[in-house]
Amino acid sequence: MRSLRASWGRVQEQTWERIPSRLRPIVWFLIAFSVVFINRFDDTWMRMFFLVGLYATLGMGLNVVVGMAGLLDLGFVAFFATGAYTVAIFGSPVSPHDAHLNYWVLVPLAIGLGALIGVLLGLPVLPLRGDYLAIVTLGFGEIIRILALNMNDYTRGSSGLFEIRKPDLGFMVIEDVRAFYVMILVAALAVWFVTSRIRDSRVGRAWEAIREDEDVAAAMGINTTRYKLMAFATGAAVGAIGGAIYAPFIDFVAPQSFSLQVSINVLAIVIIGGMGNTTGVIAGSLILIGVPELLQFQETADFLQKFAWLRDVLNPVIHGFNTVTFLNLPDLPQPEDWGKKLALYRFVVFGLLMVIVMVLRPMGIFPSKRRELEFENPPEAELAASQGVG
Amino acid sequence: MPLLSVTGLVAGYGGITAIKGIDLTVDQGEIVTLIGSNGAGKSTTLRTISGLVRARNGRVEFLSKPIEKLAPHKIVALGMSHVPEGRGIFHRLTVLENLYMGAFQRGDGEIADDLGKVISLFPRLRERLKQAGGTLSGGEQQMLAIGRAMMARPKLLLLDEPSMGLSPILVQTIFETIQSIRRQGATILLVEQNAAMALEVADRAYVIESGVITLSGRGAELAGNDSVRRAYLGEG
Amino acid sequence: MSILFLTTPEFWFDQIVNGLTTGSIYALVALGYTMVYGVLQLINFAHGEVFMIGAFAGYGVLLALGGQDISGVMIVVALVLALIAAGLASGATAIAIERLAYRPLRNAPRLAPLISAIGVSVFLSHLVDDGFLNGETKHYDQIFPAGKLSLGALNVSYLQLFLMGASLAMMAVLYWIIQRTKLGRSIRAVAESRDNAALMGVDVNRAIVATFALGAIMAGFAGVLYGLFFSSIRGSMGFIPGIKAFTAAVLGGIGSIPGAVVGGYFLGLAETVGRELLNEIPGVNLPNEWKDVVAFALLVLVLIFRPTGIFTQQEGKRA
């Protein structure tokens, strides 16, 4: 037991040294970027950067649940919606229940409500096997949308809530997309700081033990239900923060914004970026959110014009193929539409990537060193299981 | 040419190497026993021979064919039947269905005849044919497990701890059954902790310790060996 | 309770018939969840999409045979062909999914196959919606003869009769395969213990593939029945019925085949009759969308109080 504890200490030391130094350049880059280059980009670009930051934040929240504690949450949108609706219901003049409260009062309320709903949802299912959590959260993510749609007295249904009061800093009001970008950046850094501190604490080690083998963790005296609940509530609170920032930014909170797609986006970022690892989540958000947005830009369309010749080459091939087979494939679209078409297929790609990553690179495209080590030297229990019929 | 020949077999689970270079042979018509203490690698040896555990090194030849890379069901098809530790009864299948599972690889028309033979060998099973396997007592389950293995008409029968958890009278019955199966022409590789019983019925025996064969010889010879008597027969 | 008499017996009869109709579809889909869970302890999140593929295969066959113009004896032929095509398409899809997305992960950490399953689900539903249909909804041709069977004041449409009868027949055939054939025995053996089944000479991978295929064929049939009854089909159509069918499987005790069937009918009835019963309480008015909420609430309640299902004997928690 003593040697086990000693080796735990070593792992902890190493990660303490390694992870911040790995992340530091990114942090500096983001801060430098936001200060120096922020005025070089137009609003479309800044909107993209805001969304990347938002999803990176949400990803860090879900990462606590999926990556650190190993619980599959398929309804993360529920907590995002909780945060957005809290700020909108109590902070918009069009809301039937406007509380005339300052935005900064509503944010902690949103976080608290998010965590509370996380606990209420997790309480019945977390003592059970992890698979049940997946299906219950999947259902709940959809239920929250149905509730938002039907509880007209609070949410105004599909008409939605708008004119949401902006965050007021005293010396300035956050209205401009640049200001919102800086705000999400600050939130992301705060979330990163808090979650990485928790991960390297006793709680984080308990999560890791639960993730690797719940039965063993329970046998070691870890109250698994309590720690799972903590992970779930932490993730939910971060989701609510994202929602609370998104609501005044987009200034329209309606059920159609809170579909399954949001949950899938966040999950794909965590999985494809690399479970349990903040760098991966940021990279995942850049690729999975940034690239599809980028593809829809006018600049992209202009650039793709240069490839018009490709259409002249490939269309005869398609025609030839159509005459040989019974298929009736359409012509290639205009080159300026390629970007938009590709962006439309993003979920097809996400789904495929999730399978490919699981099968070929289960630690994600950007694995953390620590998880990589685990996968190279899996615990004996797993190897023993893999000796069965293959 | 031995029926089964194992050379330099290495296997294990995860970071643990449970057997470290086992050599043994079983000839046609023999009862060979593998004795050893708990955790010596007896069950792993059987599980590697029947393909449940992948061999890391070494060879297993059955009927002169290398089988160490074959999937378990292909090894069964060659004529090897393995009654695992804990008997491997399907608790939710009926006794009759369990018996039919034994003949899973067979497509001939004599399955019903063999069913009759097994039932006459173990009359206790007759009245329980429609019962779920899980409702049988330990002794009945062991009879079912052996009867089921015989339904495969095996050329080689691997038995893992058939006496485990049974009363002395039942152990006696099981060992009598093993001998009567042999008289009908079966070849048996028997793993046992009950070394006294095993050495009594076996033609030859191997002693395994920490994954290595340390002694081998005729059953009666080993039963007379001092170190075997001390270590496995509980004699001072 | 006197309020109950404000509505007619015919009203309640209709509710029961509607509940049994949707329940039939849930039951057929639930079978796939419960069988795969029984053998691999995996929630096959892509099962709803397997159901969707079946609906589209049936749709394609009906369209190819003349759509709206199918009449007379051709209706029977068209229905049979649509069901066969759906079964084949769904079965082939499920076999491909098992081979490519699940089998490589059979010994991976528990989370990996679940994530892979959700990836397949996202891929398939969006491939159909965004890749092929551009978000369009397709509609089944209403080839089934309108009209109804009347017994006094009680009516059942022919379509609903067909749905209930056909699904019962399909489930009976499945039950026979599982209980009475060698293949079924091998599936049940693998569900109990993969190692012990292998020692009997069962090709475990083949039995697992067969489990996926049988469940998928049932889901494919259910897809056609769904299309005939609800008409609208699209790539994401499998999502809600998928969750409901899983709920049905949990209600009946996951892993149990009869349980999935009973759970399916129970859920169908709970959604229709249950919602109307709640609406009888003064001041309560649950719109139709609340069906989903009712189903979900049931799932959570069952998981809290009887995780092994409400119709099973408690054998100790599976958790």
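Here the chain labels run A, B and C in written order, and each chain numbers its own residues starting at 1.
Criterion: a residue touches a chain if its C-beta (ideal position, glycine included) is under 8 Å from a C-beta of that chain, and two chains touch if they have at least 3 such contacts.
Only a predicted model underlies this, so the values are computations on that prediction, with no experimental measurement involved.
Comparing the CA-atom centres of all chains against that of subunit C, the greatest distance is found for B. Here the largest set of C-beta contact pairs joins the chains A-C.
Between subunit A and subunit B the centroid-to-centroid distance comes to 54 Å (mean Cα coordinates, whole Å).
With each centre defined as the average position of its C-alpha atoms, the distance from subunit B to subunit C rounds to 44 Å.
Subunit A and subunit C have CA centres that are 31 Å apart.
In subunit B, 52, 71-72 are the positions where the chain touches two or more neighbouring chains simultaneously. Residues of subunit C in contact with two or more other chains: 195, 198, 204. Residues of subunit A found to touch two or more other chains are 382, 388-390. Contact residues on subunit B toward subunit C in their complex (touch as defined above): 50-52, 71-73, 76-77, 81-82, 84, 88, 90-93, 97, 100-102, 104-105, 148, 152. The residues of subunit C lying in touch with subunit A in their complex are 41-43, 45, 100-101, 104-116, 118-124, 126-127, 130-131, 194-195, 198, 204-205, 239-240, 243, 246-247, 250, 287, 289-290, 292-293, 296, 299-300, 303-304, 307, 317-319. The residues of subunit C lying in touch with subunit B in their complex are 182, 185-186, 188-189, 192-193, 195-204.
For subunit A in complex with subunit C, the residues that touch the partner chain are 66, 70, 72, 74, 124-125, 127-132, 134-136, 138-140, 142-143, 146-147, 149-150, 260, 264, 267-268, 271, 344-345, 347-348, 350-355, 358-359, 362, 382, 385-386, 388-390.
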